[in-house]
Amino acid sequence: MSLGEKLMSIPKWVLYLILIVIASVPLFIKIPVPNTPLEPAIDLYGTLMNIPEGSTVLIASDWTKSTRGESNGHFDSLMKILMRRNIKACIYSSGDPQAPQVARDAIGVLNMERKAKGQKTYDRWNDWITVGYFPNAEACANAIANNVRVAFGGKTDYSPDGSSRDVFQSPVLKDIRKVSDFKLMMVITASKTSNITIERVYGKGVDLAMMVTGVMGPESLPYYSSGQVKGLAVGLKGVYDMEQMLEGGITPAMSSKWGTVPGFPGEANIGNGTRYYPTLHFCLALLILAVIVGNVGMALSRKKAA
Amino acid sequence: MSQLFLQAQNLNIWNGENGTPMLWIKILFGLALGVGLIFALMAAPTQTRRPVVAFVTFIAGLFYVLYFFWPRPIDRQPGELPNDFVETVSFYIDDAFGVVTDFTAILSGFLLGLGIYSLLHVHVKRIVKTSQNWFFSVVLLVSMFTMTIVGYWDWITRRGEAGASLDDPANWTTVNRMKDLMFDGMLQAMDAAMFSVIAFYILSAAYRAFRVRSVEATILLATALIVILSLMGAVEYLWNGMVDNITGGDAGSVMNNLKLTEISKWLRDTVQQAAIRGIDFGVGIGALAMGLRLWLSLERGTGGGN
Amino acid sequence: MDFYTKVKLAIGVVATIGLYTVLYRENKFYRFVEHVFLGLASGWALVTLWTETLKEKWWDRMVGTVAANGDPGIPGYWAFVLLLPIGLMGYFVFSRKHNWLSRVPIGIILGLWSGQQVQVWFNRYGPQMRDSMRPILPTSTESIFVPSAPIAPENATPDQLTQVAAEAARINANVYPTEALTNLVYVFTLLAVLSYFLFSFEIKGRMLRGMTTSGRWLLMIGFGAIFGSTVMMRFTLLIDRMYFIWIEFLKQGLLGG
């Protein structure tokens, strides 16, 4: 077997084993990685930091633990900003029946962190509510765009005394009459619900922003470019960008548009982005190496055949 | 008829107070009407099938088309009465919107049972006939029923007075732990694992198939390489550092356009977005055309023919 | 970490490894774990079908609610019960003689979907079409490249701010040659990619054929970018699973690190 043929016939299990090792070992080592946040993520952070305190945002949490690596990081960085700036959140899901429970669990974890630091917890009913899962994303987005009170009508959540009450009795939603009363609508998704929301809610007077997984990134960027969304975080890079800005804020060197926007230095800003981003480098390097090896093998084989 | 969609609080022919015999009589009457409708349709002549399906499709679609094209009420106040025919129709559409939107969600919910029914049908048949690997069908059904029972049981416990306190795991009972074990411990973990397996296949496919064989393949490979490199913050830092060495740190130098951040940004904002937008526009026009064809039942296969 | 959490993590790790065994080859352990997964997912879908959807959107609307805890009760609307037989018509798909009835609820859903497409199309593509119409001819030749502001906004004194803002507005209002070239590339890419999808008639003429060939090449740039992003996502999911196994379970769970 020539060198070229050998290079082209590495067994699959060898590749898989190398990938497992590459994806595991760097997790044990703290590797600081320099990073320049992308413009869409900077705009997202700036938009979130400019929401007035005490107002309410609407969050479409359409992710589950199947995309925890990226979406959990997105959700956590969003909720950290909302918690720290006393912004209320109304959370709904239309992408997956598991999504409401996953969002509740994630907030629970963040609340435990806040409790451990002696900070006020982000309380259900007073600071955030969940209106549950809607099986038809198109219908849900339509209903929200037309009349939020009807869309979420009949939905209940738990008040502090343990009773199940109409969500519009909650401090989170009591002043909400229409979708434009929300200061922002954020879509965190791994599926097409981002497109569905743009199609039906855009132009109804509420600013839109998105945090999407890598797969949805390229098709979501045109919405950012055309101004349909105010900010966009894509994939693990987006998570890392947000965590960096949570720590250091925005500086004039990063963005002349926003100037200086403060971060939250010293707070619990480290999340999945900081943990996984260095390891991603090694995995991507392996992919590039695999492609190079395959092509070199092909070139050598062709040369020998010629 | 207008009272139906107004969802009025006052009692009328379309509603009844909760738990009263009159409401249940009306519900049973409605159910009888519905069942009668099914029998009537079952007895309908063959030539009426396609028109029936086309008619319901058209009426369903007409609602949203009217909602889009008909003048919307401006600054409508609660209790305001319409002034003319146009306003009457617009008020009616406005009131009906939330209800019609719910119809979609409810029908989708009922139809979800089709998938469950199919699953049961296939696996029960396999068990009864003791076909090959029938044991796995037993495993599936046991998992399914256990999850269903535990899930409902957990939901019931959360609906009572103890509902809000169960957000804290310290207050969990056995059934709450069982549901957490099955949902979070097993289902979520498996969901994530299933999605992550694709990473191995991508590496293997990139190694075997990503070859510089044609102009198109070369362009795809080169672009993918630039995008992957731009996702690696460390590589970006090193590359940009090299350019800074060449320019001597001069922010106004033209050579700064050779930085990886600038190249990837240009590629992303200029070529990538335009290409994806082109694909999007094509898909969008196709979806619009398909939507019109489906609405008007022009698509072959729609309608009541067998 | 308490015993329950350790058990929960252990089960998750066993299930994850079970699913990963398919990478070597198909085996009974993988089939077992796969079927458990399908069963759990179906069971959960059944639970959420009622708890998250039908109970509040249909049942409570049909039977009404009583006033409690300061919430006004709502009367029940009996007409909602008609949705049940309409929805159940979908199950006639299994009937050989009456399977056409299943197209009634599907027709309603499809009708509602297709009726929305006009609004959806304008909402989604209108702003993008507007954004795609970019100026391809320069309006100023004072500089080939976009000039930077003489004073950076963060360095401007309060007196200079108005002047800086006016200068920035003047620069933004103009199209410089490099911007025009970039816009030309953008517009050409868009048109070339669109022309690639012209399948309704035969492509004759060198110019149109050149356009479609360029469109195909430029499409590859789009696909390359999509591939890069997809790779990032899939690797991230794998890294997350490795973190779950090695750090959450092994290091923090078993070894207490």
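Letters are used for the chains, namely A, B and C, taken in the order the chains are written, and counting of residues starts over at 1 for each.
In this text, a contact is a pair of C-beta atoms (placed from the backbone, for glycine too) under 8 Å apart; a residue touches a chain by one contact, two chains touch by 3 or more.
Just so it is clear, the structure is predicted and the values come from calculations on it, not from any experiment.
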Central chain of the complex, centres being mean CA coordinates: C
Pair of chains whose C-beta contact count is the highest in the structure: B-C
Mean-CA-position distance for chain B and chain A (Å): 18
Interchain centroid distance [CA atoms averaged], chain B/chain C, Å: 10
Chain B residues counted as touching two or more neighbouring chains: 102, 104-105, 108-109, 112, 183-184, 187-189, 191-192, 194-195, 199-200, 202, 206, 221, 225, 228, 231, 268, 272-273, 276-277, 280
Per-residue overlap in chain C, given as positions that touch at least 2 other chains: 23, 44-45, 47, 49, 53, 57, 61, 65, 72, 74, 112-113, 116, 119, 124, 128, 222, 225-226, 229-232, 234-235, 237-238, 240
For chain A, residues contacting two or more additional chains: 12, 16, 19, 23, 66-68, 98, 134-135, 138-139, 142, 159, 161, 163-164, 218-219, 222, 225, 235, 237, 280, 283-284, 287
Residues of chain A that touch chain B when the two form their complex: 8, 10, 12, 15-16, 19, 23, 33-36, 39, 64-68, 98, 101-102, 104-105, 108, 124-125, 134-136, 138-140, 142-143, 146-147, 150-151, 153, 158-164, 218-219, 221-222, 225, 235, 237, 240, 277, 280-281, 283-288, 290-291, 293-295, 298
Of chain B, residues touching chain A in the complex: 94, 97-99, 101-102, 104-105, 108-109, 112, 158-165, 167, 183-184, 187-189, 191-192, 194-195, 199-200, 202-204, 206-208, 210-212, 221, 225, 228, 231-237, 240, 261, 265, 268-269, 272-273, 276-277, 280
Complex contacts: residues of chain A adjacent to chain C: 12-13, 16, 19-20, 23-24, 27-28, 66-70, 97-98, 100, 132-135, 138-139, 142, 154-156, 159, 161, 163-166, 169, 195, 198-200, 202-203, 213-215, 217-219, 222-223, 225-228, 234-237, 252, 256, 259-260, 272, 275-276, 279-280, 283-284, 287
Of all residues in chain C, those that touch chain A in their complex: 23-24, 44-45, 47-49, 52-53, 56-57, 60-61, 65, 68-72, 74, 112-113, 116, 119-120, 123-124, 127-128, 130-131, 152-154, 222, 225-226, 229-240, 242-243, 245-247, 251
